[in-house]
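The first chain written gets the first letter, and so on, giving A, B, C and D; residue counts start at 1 in each chain.
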């Protein structure tokens, strides 16, 4: 079994118009910049995929990665917890112009909805957002005298994920707080596409330290020296990056 | 009446597992399926107590009792084995990440209902992971003798024993035949050449739909 | 910060009559034999704790560990998925005599209820057990045309857990499939008591490989060479073990 | 009117954190609390993006942008740091495993309602982890200036801005006072010695309950 693919273009080939795409990362940590840019490359060459629904904690920063994906006009709707950032010009302008849809979800609820999607739990109750505007229209139930809001699972057609090391079966490890939403998104997508700094033989990762077991991964592509979104933005980089 | 041995039923079920599949085998008889994987058809086996991609049994005396399967039998690790906790393990199951689950059965109904966890109110009830597994895989198959030890049909119109799951089984490998469940009916796909459709119907508790082509169920001596 | 305690007796000192106690392990793997035996020692010496509700996947085997706890008459109710075993004489006899209560829970639902207890999710929906006797009396709801059963979280006063390595902050690793329910139970108990084969200084465990972060752990006791239930039963050992 | 600086408010809040506590500090102003921990009072800080027990900021140029806090600022690891994913992180929050959460506020109502995520329908709304954190800790405290920049009360009878959480705040550290919320009322615990109860009441949007003992709020120059 070998889930590696030859290049980034092949890795993102399965993403079609109108799909829901989860993209890992919290701010710049764990953001799969190269996979996102490969997807924009495809859109520029072919006009597809477009009208995507993107799930990410944020709304991108500057003019690279997720922000560049939005700037390219490929995103119809964003599901996220915190679409404000240091340099949010791309999303902010589109949103205020009514040209992109936003579903705002509390961060812990977003994480739990994605996990639920991966774990076959169609709905769950959380205290989060009870009594607030973000609970409007959602069923409320009382348990032991406390009120909770019912939230639905969140699934995706594709997840784009950044890992540190992958073996060819798709077992993954991450790097520090670049872990964040990535392992959850691996679980919640029909097709999980991973860029990893290192690809190793099965058995080279200690079975005790695997964070994402390979069953949750469909495609792996090696990106040996991935860009870090924060570094790119501090250098005022824009998509497309210079080679 | 000629019939397949348990090993032969397990062999037949193993032939349908596509290379690269993620597979959970129920405790006991279904565990036999692993050893009949066609050569070069690498499937990856999941055990719900927290191991993906485990290997065969260790030699007696070489067991590590922290490396066991759901039946509490010692297994081994392989290159690519992963360990995880029970919530992650059943996320794999319930979340539909397994390609195939192969389970035993007391009864299977023509609508796909399965009874395989309780023979009734006597004794101590025990369910384990059975009720999760029936909802967990893209394909849930059953391997079973075609009839009970008393000769009664195990493929029935409606289950009489407590259910494990509703409408969950899609294929049944028996000692006599391979039967799909489609549209709430038993559809005969393969049967032992030595048995007539009439004889098979006689030991089956609900009507068999007989399509134009029914293949011979040919299994090696094992 | 140092969560280690001097001995097993101190480790189990906080367990009182009528409490709910989660005990890690699946079969013999990950079963904290020494903590359980210390609890029986206390009961023999003081008559307490008794009338416990125990949560475990199984009902014990032979006459050690959980089986010995039940045999000592300390358990009023068992919440488990599989109370049958190779040598289940202790539980079976009490159950058939109506002297112990059983709540039978499908294994994946048991795991998810414990995780929910630890994660602040009071209820969730699962396809598991829909249409079966084990769903009787539980709310059912349809999502996207499929029926699901609502299950409640499960919490405990105390969890008894077996780990491989602990640092003094309570960060834990496990050994192979001895992990099983242990990390979940750490999350779901008000007080988590851990026996670990090795206790090390904070920083000695790579932060990437910690399975249970220390926030979920209250007490740690070192048991350098823990018994394995399977080995004990193969040797026909019984509580109390010979020193 | 004399008032405490933000550093001094943070210092006062830090004094109430018991040694060994697990603490989450909201983005921005609350992050200051960490630096005023009393010596030898080891608290452990949680950031919801997946680090427990992180340390102070690295020197400029030494940042590792994969080691950041919820405010996307670089932090450092310490002996005993643990990394985990977002679902585990919010299990810590929602599951009540944190001892203290210290948050900023636009408004706090006398019933404990908190508004700190939205100033209304203008602009891009962003909630982050705030709505989880208010339900996540055994003790949810707020640090804030006592009044807005325009001099309007931030401690109010009922919040006018969109709520973050209902009845969640139990203590407020302001630039003028320390106030507990008990039984749906603001109870004054400490106030700057230079301010009279009447003056304090005049800049507070709901009635202050004045217990027999109100301590002086004494904070070092910072």
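Throughout what follows, a contact is a pair of C-beta atoms (placed from the backbone, for glycine too) under 8 Å apart; a residue touches a chain by one contact, two chains touch by 3 or more.
This one's a predicted model, so the numbers in the text were calculated from it and none came from an experiment.
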Length of the shortest touching-chain route, chain B through to chain D: 2
Interface with more contacting C-beta pairs, comparing C-D to B-C: B-C
Distance from the mean Cα position of chain B to that of chain A, given in whole angstrom: 36
Gap in Å, rounded to a whole number, between the CA centres of chain D and chain A: 30
Where chain C touches two or more other chains at once, by residue number: 112, 115, 119-121, 126-127, 174-176, 207-208
Overlap residues in chain D, where contacts from two or more other chains coincide: 77, 83-84, 87, 90, 93-94, 135-136
Topology of the chain contact graph, where touching chains are joined (line, ring, star, complete, other): other
Interchain pairs in contact, sorted by label: A-B, A-C, A-D, B-C, C-D
Interfacial residue positions of chain D with respect to chain A in the complex: 47-51, 64-68, 72, 77, 83-87, 89-90, 93-94, 113, 118, 123-132, 135-136, 162-166
Residue ranges of chain A in contact with chain D within the complex: 26-30, 57, 59, 81-86, 88, 91-92, 95-96, 102, 104-112, 114-115, 126-134, 174-184, 211, 228-231
Sites on chain B touched by chain A in the complex: 19-20, 22, 42, 44, 46, 52-53, 77-84, 87-88, 90-98, 135-136
Chain A to chain C touching residues, read off their complex: 112, 116, 119-127, 141, 143-144, 146, 148, 152, 173-176, 206-209
Complex contact set, residues of chain A against chain B: 1, 115, 117-121, 167-169, 171, 187, 201-203, 207-208, 210, 213-216
